[in-house]
Each structure stands twice: as C-alpha cells, then as structure tokens.
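Chain nomenclature is as follows: A, B, C and D, assigned in order of appearance, with residue numbering initiated at 1 for each chain independently.
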Amino acid sequence: MPRIGVFVCWCGSNIGGVLDCPELARVAGSFPGVVFSTDYKYVCSDPGQNLIVESIRKHGLDRVVVASCSPRLHEETFRQALRRAGLNPYFLEMANLREHCSWVHPDAQEAAQRKAIDLVRRAVAKAALLEPLSPGRIPVIKRCLVIGGGIAGIQAALDVADAGLEVLLVEREPTIGGNMVKLDKTFPTLDCSACISTPKMVAVAQHPGIKLYTYAEVEEVSGYIGNFKVRIRQKARYVDHSKCTGCGTCWTKCPTSVPDEFNMGLGERAAIYIPFPQAVPNKPVIDAAHCRQLIKGKCGICAKHCPAEAIDYKQRDEVFEVEVGAIVVATGFGLFQWEKVYGEYGYGRYPDVITGLAFERLVNAAGPTGGKIQRPSDGKEPKTVVFIQCVGSRDEAKGKEYCSRVCCMYTAKHAHQVLEKIPGAQVYVFYIDVRTFGKGYEEFYRRVQDEGAVYIRGRVSKVYQDGTKLIVRGADTLLGEPVEIAADMVVLATGVVPSAGAQDVARMIGVSVDKDGFFQEAHPKLRPVETHTGGIFLAGACQGPKDIPDTVSQASGAGGKVCALLLKDELETSPMVARVNEALCTGCLACREVCPYRAIQAVTITERLPGQPPRERVVARVTEGLCQGCGSCTVACRAGAVDLKGFTNEQLLAEVDALCL
Amino acid sequence: MLLGGKDKPDPAFLEAVVRASGQKTLAHCYQCGKCTAGCPTTFAMDYKPNQIIRMLQLGRKEEVLGSRTIWVCTACFTCSTRCPCNIDVAQVMDSLRVIARREGKTRLGKDVVLFNDLFLLSVRRNGRVFESGLVLSFNLRRKTFFRDAELGKFMFARGKLRFTPDRPRGVRELARLFARAEERVEE
Amino acid sequence: MRIGYYPGCSLQSSAREYDLAARLVARHLGVQLVDIPDWNCCGASAAHSTDPFLAVALPARNLVLASEMGLDITVPCAACYHRLRMAQRELAHDRDLGRKVAEVLGRPYRGTVRIYSLLETITGIGLEQLAAQIVRPLKGLRVACYYGCLLVRPPGIGCDDPENPESMDRLIETTKAETVSWGYKNECCGGALVFGAREAAFRLARDILRNATGAGAHAIVCACPLCQSNLDLRQGQVNKMFGTNFAVPIFYFPQLLGLAMGLNPRDLGLTTHFVDPQRALKVVGG
Amino acid sequence: MSINENVVVNANVWEPKIVAFLCNWCSYAGADLAGVSRLKYPANIRIVRVPCSSRVNPQFILRALQRGADGVLVAGCHPGDCHYVTGNYFTRRRLTLFKSLLEFVGFEPERLKVRWVSAAEAGRFAETVKEMVEEIKLLGPNRRLQDSML
C-alpha cells in the first residue's frame, strides 16, 4: 500500500477565499492510502516546498498530491521538491483547485467545495497507482546533415562547422549557391549578389569541418533525434573530380548545346558544363540526358581533349549511408509556374514577357547578354518596360493566396536597374500594395520613385503581342481608369513557391508541410526554426518566402539549435512514452499506423513457451527516442498491449472512478 | 459612420446581392482593379466595376443601383474569369440589374430594359424571338423609326427577315413559366 | 453520329447562313443533326438580366425536350450554348429549382443531356478526318479566328481555354487557310449592347476589326450569330460612326470549312453577307 | 460552512456530473485560461488531463457513464493544430464512430460531446460547459448506462 501525502494550497485567497482548505485536507485524510494531509498558505513557496520535503521524510511518504494550481504551472517545481527529498519525481500528482475550481466558481462555494473534493480524490486515486519513471538517455552523434546548398544551407553549415562539429552538406545541383548566386544585385543596398555569396561558397568548400556533396540527393532518412541514418545518392558526374583540374577544355570542345538553366533558359551551355564560372566545386559534370556519348555512344570529344584524363563515361551513381545527430532542411524556393495558369499574360508564348529571375540574368554582367538589358525576341534594348507584381501571389484564383514578400522589393530594384542602364527608359510598375517590410526598404522604394519609375495601382488584366509591341492592359484604381501601355518588355514578379521536390523531402524526413507546401515550423512565433520532429530544423525559404537577411538569420538560428543539441553527449528523453507488453501483442501493428512519429517498429522476437518449441513472431516495439507520448497507439491497440507511461489505462480508469463516486 | 456616401449605407443590400449572385463573399476584394482593366466597356461606365464592388462592400445601395455601369455591362465574363479573389463580377452585375429593375431604378438603363422587356414579350408570345418584330417594336417605342431601316431593306433582300413568327406548340408551357416567374417576384 | 440540334432564334432569321452551312457541312461529315422538336428561345441576355427564374427555366425546357429525345445536343450559337450550360449548372447546384421547373412544365428534369457547342462537335470528328475531306484548299487566305466571350467564358462553362482558345484555329488550318495570331480573339464584340448602348457596341466592333486587319487577316471567322451580325451587318454603321473603311468579311466557321470541302458557296449562305466575301476569297481563286 | 451540510443539503436536488477529458496542450490550457480570465461556468464539470485527445479510449467514456457520469466531454486541439500533428484526426474518426455506436445501442448521443478548444479559447471552453450542462439537465440523469441498470 502506498503512503500518500496530500498538501492543500490556499494560494493566499485565490483558493482559500472560495474553498475551505483545512476541511479539504481533513476530508483528503480519509481517502484510501492517505497517511498525511495538511493545508498551507503557499505550497509553492520555499517554506511550502520544505514542508513537502520534511513531511516525506517524517511520515515516510512515497506518493505526493499537491492540490493547488494548474500542473502546467508548477508540476516541475514540485517534482524538484520530491527529487530533493530523494523520491522519484514522477511520484507527484496535482489537483487543479485554482484555475479549474476556485477562480471559475467563486459564487458557488458549496458546489465548488464538492468539486474540489472530487478533484483531490481523483489525484489521490491516480497517485496510488503512480510508477517510478526515469528519463531515457540516448547518445548523440555529433554530426549534422544540411539538405540544400543555397545561402541558407551554406550559412547553417558554416555556423555549425565553426562550432567544431562535423557537417555534411548535400546539394542536388552541380554547384552550391542556390538562387542567391543567380541574382545580380541585392536590395536595398545594391551590393553585387555574387560578390557577397561566392566567398561563402568557397569557405564551405575549404572548411575542414564540412564535407560537401554536390550533384547528390538524400534518398532515405530513418532514426530519431541524435541518431539519424541517412542514405545519400551521389549522382554520376562522368567526370573524376580527383583528376579534373577544372581547366575548361571539355566544355569549350563539347558539340552539344542546351538551354542554360542557370540563365533561366536565356543562354546555352554545353552537355559537359559548370553552371557558372564561380561554381563550387569548379569542376564540370556531364548532363547525361543530353550527352551524345551517353545517349548514342558516339562522340567522346571531351574525353579525347581532357588533358587530365578525368572523363569517365562508365561512372555510376554511388549510394552510401551516414549517421548524423541533427538535420537542417534548407531546400529553398522555386518560382511559381506562371506559364501554366496565366493565360491572360500569354501562357509564356511571348518571348519578351519574362520573369524577375530571368531579368536578373539579363542584367547580370556574367549573364547571357553581358549585362545589357535586351529583348529575348530581337536583342533590341527595350525603351518601355512594364513590371507586373503579384503574379502567382495574393491570387486565390490561381491557387496562391499568400504574399511572396520579396517581389515588391526586387521589382523596385529592377525598376532602378532599367532606369540606370537605359537612358530615357520608361518604367511602369503595376502593384496592388507595395510592401516594404525591412530595414531601408521603404527608403529604397522612394528612391526608385524619385528616379522616375511610375507606380500604377492596379492589376494587369491582359498582355498581348501587337506587332513588336506588347500591349499591357491594366487599371489605375486610384484614378478609376483603365490604362493601356505599349511596352517593349514585360517583367513578371513571379511568386515564390517551395522548390521542386520539397514535398518528397518532407515525406522522407517525416515533417509536415503547410497548405502551400512550405515546411511547417513547430510554432509560428516561438519555435520558428524547429519542426515537430526532434532534431530536424528549418532554414530559409523552404519554411516560407523570405529575403536574404531573414534567410541568413534563420539559418544561423538553425545552426545555433543544432549546436545546442549536438554539443551534448547524451539526450534525456521524456519518460512518458508508450510501451508494448510483448506477451500480449498480436503483431497486428495497428499502433504503427496511427503513430505520427514513426516511433513504432515491427520486430521479430523468439518466444519460448514451456513444453513448446521456440517460435518466432512479430511484435510492435516503441523507439523511445522518437515517441512523444501522445498515446494514440494505446487506443488503436485491440489487444490492450500498448500503454502510456504516466497516463496508463489503469491510472485513467481509477481517475474516472474517483470522479464518479 | 463612413463619410462620402450620398445615401445611408445598407448592409442588408450587400447581403442580398451576395446571396442572389451566389458569391461566397465580396469582402475579399482588395481593389486590384483587374476587373476594370479587362472590362471592354469601362469607357461608357460612370463607376468602374471595382468601384461597384467597393460600394457594395460599403452597402451604398442607391449609388450602385443608380449607376450606368450595370446597364453597359455586356456580361462577357472577362472580369469573372480573371478575378484573383474568385468573385463572379458578371453574376453580381446580373443580380444588380434584376434588383434595379424590380425596384424601378432603371433611369440610366431605359433602352436596355425596354429591349429586354420586348424580347421577353416576344418569347412569351411566340416561344421564340421574332427578330424583325422585336427590332420594329423597339424602334417604334423609342421613336427612332428609321434607325436601322437600311439594314432592314438589306436583310429582307437576303431572306434574313421574316414577316411571321413561328410558334412552337409549347407556348402554353412557356406561359406557365412566365407566370411562375412573376409569382416569384411578388413573393 | 446522331446528335440533337438546337438552332436558336437567330439562326432562323438574321443568321440563316450559319444554319444553312452548319446543316450542310454536318451532313457531308456524316453528322446527323436532329432538331429538338418544338424548342423555345433560351432567353439570351434579356432573361438573365430580368429574372433569375426565367434565365434558368427557358433553357431548362429545351433540356427537358432533349432528354426526352434521348440525345445529347449541339448548339451553333455561342450565346445559346452559354445560356444552356449556365442553366444546367445552376440546376445541378439547386435541386429545388429543378423541381420547380419540372413542376411548372409537368415534365421531369433529369440533367443528363450533354451540351456541346457546334465547334466542339465538328472538331470532335478529328482534325485528320476533316483534313481528308478538304478538296479545295484555301491556301493564301489569312483569317483571324474570333471566339468572343460566351463560347469560352466563364471557365468551366466555355468549351475552350478562356484566355487562349485554339480549337477553331486548328479546325480552320485543316482547310490550309492561314490563321493569324492576334490579341482580340477572346475580346467582347459588344453585340449585346447594340440596342442598349449602341456607341459602346460599335466601338468594341471597331477595335476587333482593327486588330484583326492589323494582324494581317483578310477575314474573320466566328462561331456566334451575335458576333457575326455586330461585325458584319453593322460594319457599315461602324465605318460611318468612326470614319473607318473596313471591308472585312465575317465568316461562320462551317462556311469556310464547307467551301474547302468543295460545297456550293450559295448553299453555304455565302451570298447573304453584308460585306461581300468574294474579294477576300479571290486570293484562293473563289 | 461545513462539508457535511454541503453534501446533505443538495442531496435530493439532482445536478448533472460531467467528466471531461482535456488534452494537455490546447483544451486543458484553454480551461486554465478560463480560470486566469475569471470566466464563470457551472461547477458540474470534472477534468481529467490527458496528453492528447487521441489518448482517450472509448472505454474510459463508457466507464464514466457506467459509474454515474451524466455526460462526457472530450476536447482537443483544433484539427490541423494538434500538438502531436495528427492525433486529433484519430480522435475525430474514433469518437464519431463511437458516438453512432452509442446511438445504435439506444443511448442518448448528446451525452458525449467532442469539441475542439484551443489554448486561447477560454470563452469557448466556458460556453461549451454551460451549453452541455443545460443540455444534460434537459435530458435528466443518465440511468441507461449506469451500473445499477445493467
């Protein structure tokens, strides 16, 4: 029989003003198992806690009930008191007399008193059945995986590696750098994007703590916080990077040319290529889908010319496994596929209607036009340029309700660049609202207006080709008039969407995405870099549209979280997790189906029953590192084999019985 | 209260229009003006389509029903096709015409209403529109007898004008439909 | 193929040539058009601007008649097509309304009839099959295919992409005529305003004629009697109002198709246009 | 005021007893907030804390009704907001089924209520309790499922 002590708290007049606390303590004394009960003004105060500690010692108590405020407030406080008295801290149960009783029933003292008795009885009934619990300890693998090598992944990798931890950075493209390195200049400071991002790319390549895998993809993730197993596929590059010197002979000799993704299709590249001159690593890959040798088995020109004999057409994908303790997801963003749904802007049929990112390449000195703003159709310099904002943003009808956040500013930057580079140019920006949320952003917007950009408040309804002109039909809603502009070029501020394949990554690592496909953070305000899965963190635009400063901040935040996790030698896990009674388990695995954390695995055990040959059968087993203790599995189990520590079936039924007495 | 309206805001009117036109809400309109930008007849409108939606949001019944806009809308559905907020503006205009007619607020839409009435009268009598009769009676009522006279001659010469309507046998069924429609209005 | 045919009021008078050409071309292509017996007017824009019940009830009667025939229907007039489809959608959303209509008519409404535009029915035959019927290619003729509003809008009701419809272009290209790319193929012609706001209507017609000729078209091809009459019959009035001198023939698509199939121009109603198509057709030896 | 009086005085005036299972993260916190906000609601409710509404086995509900509860409330985070990602979807599915089962065997389904109450919805929690107490007062004491009747 347990020896239970009950401590009824007055909380000054908060409880004591409504309930008769001495009387409550007296009644509690008559409950089965209670050997000591008392009331006290403030049980949570130092003397109050000491009272508990002393009473445990004096009366040989092994279970404690504190009838006071919400356990959400002081459960931890009183557990510490138990620990100090040498008792297992999980031998505590609380009755919530304040939030759930005295504060809400101040005018019904009699009824409140009856309710309080029930609440204490419930707590005593549960206390009698409490078991000693101890948190699990799991070792931590001091290595971090970063998925995605854009500016977010780069920043997170550098921060973690600088703390002395090992980092694997996996990027699916042949180079790191992501979208940022495609940009010409960055708002509002107009510093050159490549100039500030390429040094960071080089730092990644040279950091002794970072292993860089480009042209590689994460294929499978299993395990749990501190102990993930990751399978990575290194795609065949057909170039032996240990031999290649990056001299560039191959790509100048290659006879094939295909549209250049890095330049948004505005230029061309060879089948063996580096995406851009400052690529990291600065060594080429062969694009197997377009290489003549790999498709038809005829060509071999690059191999013939390579002075380092680095070309290897027989190279195959390699798959390998690594163990990591934490994962940072930094898969970045893609552009909204406007060509599929914006028929009113021509479905992409008009060559001179381009996206903002294509404009970045057009205006970039290293881009396909050497930095001259030219029309893709005829190479002429446009004199009248129209910018259309919110293409695929704030457009419920096209399936994108949200604001992409960066377009207002990059459009302002583009407007500035047109006015700067083309003397006498006319620039019109159609907008709905201009959102300049960052430091120095509003000032930049005003500067662009000073420079002559004409802002027109209204959405464009239609763009059509009329000879060499693009007719843009919009409205000036401030004047209440329709507007028609004959433009030479139209730049669409295409919205930001999760990068292609982000959904697959989410599924693979077991993290949920929001309705727009962005990764779901654990809490929108207070846990913006964590996910609901322990040990997996988010950085950058994969979590929602972001500009560069916000991306870098979040990446550093994720880096900090990773360090805080991996700098521990062991992790303590909550002891309130599910457990399976393998003797009762039938191996139906209904529990596994409902587990949101993939914490239940099927294992084969060998059963030895007396008088029978040993027999193998499948049972469910809980991985404590993954289990978060929701208890959904306990209900799914038809055999009654699964229970939840700290909230067992027996305890809960006893609570119900005590309340219904 | 909101300033600037010529009449007292009538929130019930907004609700009636939302219901009649089968919209989820007009509250999401953020005045991007895409409806106005694509509308083929804004030049003839006193209020632009986005302004009509705005006035509806504010319950400005008299101004909306008294506008010329609702009568020069061709119901071409360009606005509805492109509205980012999924507002079926054309359907809203339709409902406004119906309400304006029912409440006799058709000062700026006399010709449209006259034409529609004569059209439906023709359908009611003949089951089908008797085009020549319709045009003739329209021009008679408007006292613009000779407006399309040259076209009439031309059409007659090419067998495009008929002098007698043909009457489907279902005219009686149609009469019942018309009667039912009138009952509904009285309800 | 047998399909119910709903000609609509205009095709009995002002758009007689559309009816002639549709029936003739269909016959030659092996499509048997079965007139819906005793059909009535769809109510057009007059009904839906006046009374929501009539706007649905008038087309509904035709759908009831068609379902009694047990045939799907094809509709040459874009406005009728639009009204029939809208009514069907409305009735599907509002079961109560369907019951009321059935009650007044004394016949059940089932809602199972499928409604096609004539353009869909003809292109549905297959472009290759159609090309095989072309005996008199219209090489050298440049046309602007004009879809207007109600054939393609609103989305879900229209029979082609609302922003860049192309089915008529593909169809006309089987005749070896050239189709131009132009910005006004889905703009409104204003036909509905000819009586209510004449100047507005003519201005829209002028813009369409200007854009089509600007794109190098000899002629415009359409699939709607309202569009045709506003662009053809009213072209003189448009010229007078704006001081322009357009002489752009406006064809119905089956007329051009029939011509290329070697059918008699007179039988296709090509002699009853306001703007004589002869000059435009001269480029193809017409 | 003495406890004896309290128990005896109202012994013959029936007051419904409602057992509530509240998830720790949303509904229990919502009930806490109702206290902090000093909202008032009838004292007929007795709260049991569970980690997640999906921890609530229909067996617990049945037990409460057998042992004399007149109503049972299960409350959790709003669907989509579950602290355990998907737990409350299972709750919704299970308890919808369970409720129809109760109805099938001739039990008043109104006695079981499943509500989504977030940590911020103190008002909604208080309203739910008020509403439920009123409804169950109309239904009268739960006799059908009490042990004595079985």
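Basically, a residue touches a chain if its C-beta (ideal position, glycine included) is under 8 Å from a C-beta of that chain, and two chains touch if they have at least 3 such contacts.
Just so it is clear, the model here is predicted, and its values are computed rather than measured.
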Between A-C and A-D, the pair with more C-beta contacts: A-D
Rounded Å distance between chain A and chain D, as computed from the means of their C-alpha atoms: 35
Gap in Å, rounded to a whole number, between the CA centres of chain D and chain C: 64
Distance from the mean Cα position of chain B to that of chain A, given in whole angstrom: 52
Set of chain D residues in contact with two or more other chains: none
Per-residue multi-chain contacts in chain C, two or more chains: 162-163
Residues of chain B whose C-beta touches two or more other chains: 43, 78
Chain-chain contacts as defined at top: A-B, A-C, A-D, B-C
List of chain B residues in touch with chain C within their complex: 20, 22, 40-41, 43-44, 71-72, 74-78, 80-81, 88, 90, 94-95, 97-98, 101, 109, 111-112, 115-117, 119-120, 122-123, 127-129, 131-132, 138, 150-151, 154-155, 158-162, 166, 168-170, 173-174, 176-178, 180-181, 184-185
Residues of chain C defined as touching chain A within the complex: 161-164, 181-184, 211, 214-215
Of all residues in chain A, those that touch chain D in their complex: 20, 23, 26-27, 70-72, 96, 98-101, 103-115, 117-119, 122, 512, 532, 576, 594, 596-597, 628-632, 634-636, 644, 647, 649, 652-653, 655-657, 659-661
Contact footprint of chain B on chain C as seen in their complex: 9-10, 12-14, 16, 38-41, 43-54, 57-58, 61, 93, 100-101, 104-106, 148-150, 153-155, 162-163, 187-188, 190-193, 195-197, 199-200, 203-204, 233-234, 236-237, 271-272, 274
Chain B contact footprint on chain A (complex, rising order): 344, 390, 394-398, 432-433, 457-462, 473-477, 480-483
